[in-house]
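Order of writing sets the chain letters: A, B and C. Residues in each chain are counted from 1.
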Amino acid sequence: MALFDLSAEQQIAAVVAGETSSVELVAAHLARAERDEWNSFLAVDRERALSRAKEIDGLAVRPPLAGVPIAIKDALSTRDLVTTAGSKMLEGFRPIYTATCVARLEAAGAVIIGKTNMDEFAMGSSTENSAYGPTLNPWDITRVPGGSSGGSASCVAARQVPWSLGSDTGGSIRQPAALCGIVGMKPTYGAISRYGLIAFASSLDQVGPFARTVRDAALLLSHMVGRDPMDATSLEWTEPIRMPSATRLDGLRVGVIEELMGDGIDPGVRAACQSTIDMVEGLGGTVVPIALPHAGYGLATYYLIAPAEASANLARFDGIRYGHCAADADVLLEHYERTRAEGFGPEVKRRIMLGTFALSSGYYDAYYGQAQRVRTLIMRDFAQAFADVDVVASPTSPSTAFRLGERTADPLSMYLSDICTIPISLAGLPSLSIPCGLSDGLPVGLQLAGPAFSENRLLEVAHALELAIGFDHVPQGVGQ
Amino acid sequence: MSDVQWEAVIGIEIHAQLLTATKMFCGCALSFGDPANTHTCPVCLAHPGALPVVNAEAIRLAVIAGHALGCEIPERSVFSRKNYFYPDLPKAYQISQFDEPICGPGRFRYLTEDGEKFLGITRAHLEEDAAKLNHFGGEGRRADALGSVVDFNRGGTPLLEIVTEPELHNGTDAAAFLKQLRQTLVHLGITDGSMEQGSMRADANISIRPLGVTTLGTKTELKNMNSFTFLERGIAAEIERQIGIVESGGTVTQETLHYEPATGHISSLRSKEEAHDYRYFPEPDLVPVVPDRGWVDEIRAALPELPVDRRDRWMREYELTFEDAEVLSEPAALGDYFEQVAADAPPKSAANWVRGDLRAFLRERGQEPWESDVAPGAVAQIIRMVEAREISMPSAKQVLAHIVAHGGDPKEVVASLGLGAIQDESALIAIVDELIAANPAQAAQLREGKEKLVGFFVGQAMKATQGRADPGRIGELVRERVAAS
Amino acid sequence: MIDDAITRHVARLARLGLTEDEIVRMQHELRAILEYVDQVQGLDLADIVPTTHAIPLTNVLREDLSTPSVPADLALREGPNVTADGFTVPRMG
């Protein structure tokens, strides 16, 4: 089996067995990263990656991740390695510190080979909002990989790296995972420190893994979870993340979200998801339809809360301490307005405007305030559902990968890409997408979610289904 | 001149920098005049991805201050973002508190010459200070500058903002309140309260209305007066200005003003500024603070005697004047010293001696009583010796001066310098008679009623006895003996 | 209800220097989005407590102990206009 087809877990085993080395693995994946026909990468850090690989190979005690290469979404700060958040605003910006979750992986022996492309400031569902060109879907380069973590998804699907980190606010890990036929997970809100994640919507943002197997995702997760004193919203994680091994689902109750298996979903997507759901009983589980009465308001709620928080989070981009600065501004107001007009793309501007409006005097209660109340209702819906079932299932995305340019003219049509993932984000629940089949040759993702802190069970369920599904498709032209 | 009686309505907003070791939301140490940008980190520089974490000590100090202000400490407190753009605000929002402050309504008692007064406290909350903006070019003031340079050392320093009810009516009371508020906060270790250095800032909101009217007039905000005197004067000037406007038929504009102490002139600070829409919303990066009730109660129980209460006690129990109590209470160490002296000597005398000669003698040596080697007990002893007429007042001062310079025990100093008072009546009479005989002209004038000359004879007696005679008794004897002779 | 005046006001609040074209386009787009999100208006939620944090935590504080600050040159490194005295900005005007 070619190196690139090995999962990260297998690559670690190979290093441990002496069959390969970190340097060999890193060098091989660097070559693929640099031959980047999909524009997955914004930066490839060859010198430092090889130097780190060499260092790891020389250590007396091999660290757990054994020098296996990883790619990091460009929303995560990496000290001295250019971090752009997909924006012109941060072109050439070198952070002065490293994000906690990244530092934890580096300490565990992961080798960062590069930073991946994304929708600007994580705002988008297709990576077409990147200031550095879109990323192409390895399954069909006329189509999008999803977003906002498009580059992190495509580089794993294209086997440029075995795994990567993304960030998810309304679906930005799960949706690209589905569109790229890989595993993507967003943990419980607060499970992974946000310190160093360039903020989009503070109460929704979470870092999470992309991988080609559920076990790989679990492995990455296990090295990142846990309280970080630098993030006041990060959680004490008492139960360690276990490597899943379940082959069956005996006694499991799976709730299928009625509202998300209807007309808003592509028939091909629905069919692929349904056939996976139909496997549950054979594996010993029970399928139950559940209702989330307020899920339909999820999109509206999200598109009030997220832009509002973003409008404040992005206000720090003012051309004073870092980032783009308008040239020759005579007075302060001009400096601010031109810097921000030049540095931000249209979608970012749109969301800043929307968010600023939702918070502004006279509108707060009606918009932001109201949205926060709907959020409470959505959380209650889930609480009620989980009183009856152990996990909920739905398609991850209403469609397979759409074509480049297909939804860029109408912002709302782009926002609709996230109807399945958003309600779960609003409730802060752990959730992942696993590939469950193809529709017209394009991958379909099944989304699973559980109550807060139920990562271990969720991973076991995903693992058992992954085994049963046996998704072994590879994008054309990849894997040679 | 109009017939309308005007009432001024004034509220004060105070910002006090807290005496924590580190900033409000990050671990950078607080800076005291250090080189620019040497006390910063990704958090207080607002780098992308940085996050705030609340300083526990700031919460504790705020709760202490809240108790001293008679405030309720609510069950739950939440931080909010206050959004606006300015170069000294790196996140372009200040993390502050909006609708759930750490301290709720309270009431502060303060003392004036006319007795005790109370000022309602609306709330007190925590927030972070802005960075320092230094203007260059022009005259170094914002309006004429060519540009500005930002130093982020100060940015993120914890601030306690205290807002009073608009219940003051004149600058004098405002200044008295502020002085005693400051004294209280300094005594409790909340802040170092330096108005000159900006670790405590006060803004006044001022409006006027006809006496008897209950609705509030349009208010103006007088910002950043950095001394109590300027505050008092500034408020008075602004009241006058507003009355002047209204009486000549105009209306007061809501604006932010600056009082220039040198000229007494009031000018508009922000002429072109629109009212800010701060778009407050709860800070998603921070979770609520729910102070443990037991801990809150412990803090209240552990509060030391507050300066206002101490001054009030001195005025009641020791019968000190308002002024004596005020002077002796500042700083707290002086008050402690005074209390120790007053424990062993009549308090009123103790007050005079401590604030008077003791302090004066020590100041010549660049010291204060609590820093010196002069034990309070020694001062008390000197006072008791005077009361017991063992030494005269002038001798007592000599003894004190000697102890300040050389140390020593008062009784021993009296003995070694031979300063014991002449107790023997007959000896005193003999001295007086001798002086009367030696100064017949003055004696005659005194007999005729020129009272002043008592002082002459007392002075002569002091000379003759090297200050060991009690001047009071000499004066009495002079009158008797002159009349009798 | 998003009109030209509101669009310009919001752009000013957000310090976004939009071109005239952008203002027109933004107005349309915002209106469309707001029409969609307006559905939350219809709900009667007077008795519902708003959620700021999905996972309830309280009292996350840090000890008042100092941690090293960054050296001044690192603090200034990414600044577009810096001198030894700090970050330069244009005059207020």
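In this section, contacts are C-beta pairs under 8 Å (C-beta built on N, C-alpha and C of every residue); 3 or more make two chains touch, one makes a residue touch a chain.
Quick caveat: nothing in here was measured; it's all calculated off a predicted structure.
K.L.:
Among the chains, which is located farthest from subunit A on the basis of C-alpha centroids?
P.N.:
It is B.
K.L.:
Name the chain with the Cα centroid closest to the overall protein Cα centroid.
P.N.:
Of all chains shown, the one whose C-alpha centre lies nearest the global C-alpha mean is C.
K.L.:
Could you put a whole-Å number on the gap between the CA centroids of subunit A and subunit C?
P.N.:
Chain centres of subunit A and subunit C, defined by C-alpha means, are spaced 23 Å apart.
K.L.:
Mind checking the centre-to-centre distance between subunit B and subunit C? Centres are C-alpha means, answer in whole Å.
P.N.:
A distance of 41 Å separates the two centres.
K.L.:
Would you mind pulling out the distance in Å between where the CA atoms of subunit A average out and where those of subunit B do?
P.N.:
58
K.L.:
Show the residues in subunit C shared as contacts by 2 or more other chains, in ascending order.
P.N.:
13, 15, 52-53, 57, 60, 62, 70, 75, 87, 89-92
K.L.:
Multi-chain contacts only, two chains or more: what residues does subunit A have there?
P.N.:
Each of 93, 96, 203, 229, 232-233, 315, 318, 320-322, 332, 336, 356, 360 in subunit A touches at least two other chains.
K.L.:
Give the residues of subunit B touching no fewer than two other chains, as numbers and ranges.
P.N.:
42, 45, 53-54, 85, 87, 150, 152, 277, 279, 284, 286-287, in rising order.
K.L.:
What residues of subunit C sit close enough to touch subunit B in their complex?
P.N.:
13, 15, 52-53, 56-67, 69-72, 75-76, 83-92
K.L.:
Can you list the residues on subunit B that touch subunit A in the complex?
P.N.:
Contacts found on subunit B: 42, 45-54, 81, 83, 85, 87, 90-93, 150, 152, 277, 279-281, 284-287.
K.L.:
Would you tell me which residues of subunit A are touching subunit C in their complex?
P.N.:
For subunit A paired with subunit C, touching residues are 93-94, 96, 188-190, 203, 229, 232-233, 235, 297, 299-301, 303-304, 311, 315, 318-325, 329-338, 340-341, 344, 349-350, 352-354, 356-357, 360, 366-367, 369-377, 379, 411-412, 415, 426-429, 452.
K.L.:
Could you list, by residue number, the parts of subunit A that touch subunit B in their complex?
P.N.:
Touching subunit B from subunit A are residues 76-77, 83, 85, 90, 93, 95-97, 99, 194-199, 201-203, 229-233, 308-309, 312, 315-318, 320-322, 332, 336, 356, 359-361, 364, 368.
K.L.:
Per the contact definition, I'd like the list of subunit C residues that touch subunit A in the complex.
P.N.:
2, 6-7, 10-11, 13-19, 22, 26, 29-30, 32-34, 36-41, 43, 45, 48-55, 57, 60, 62, 70, 74-75, 77-81, 87, 89-93
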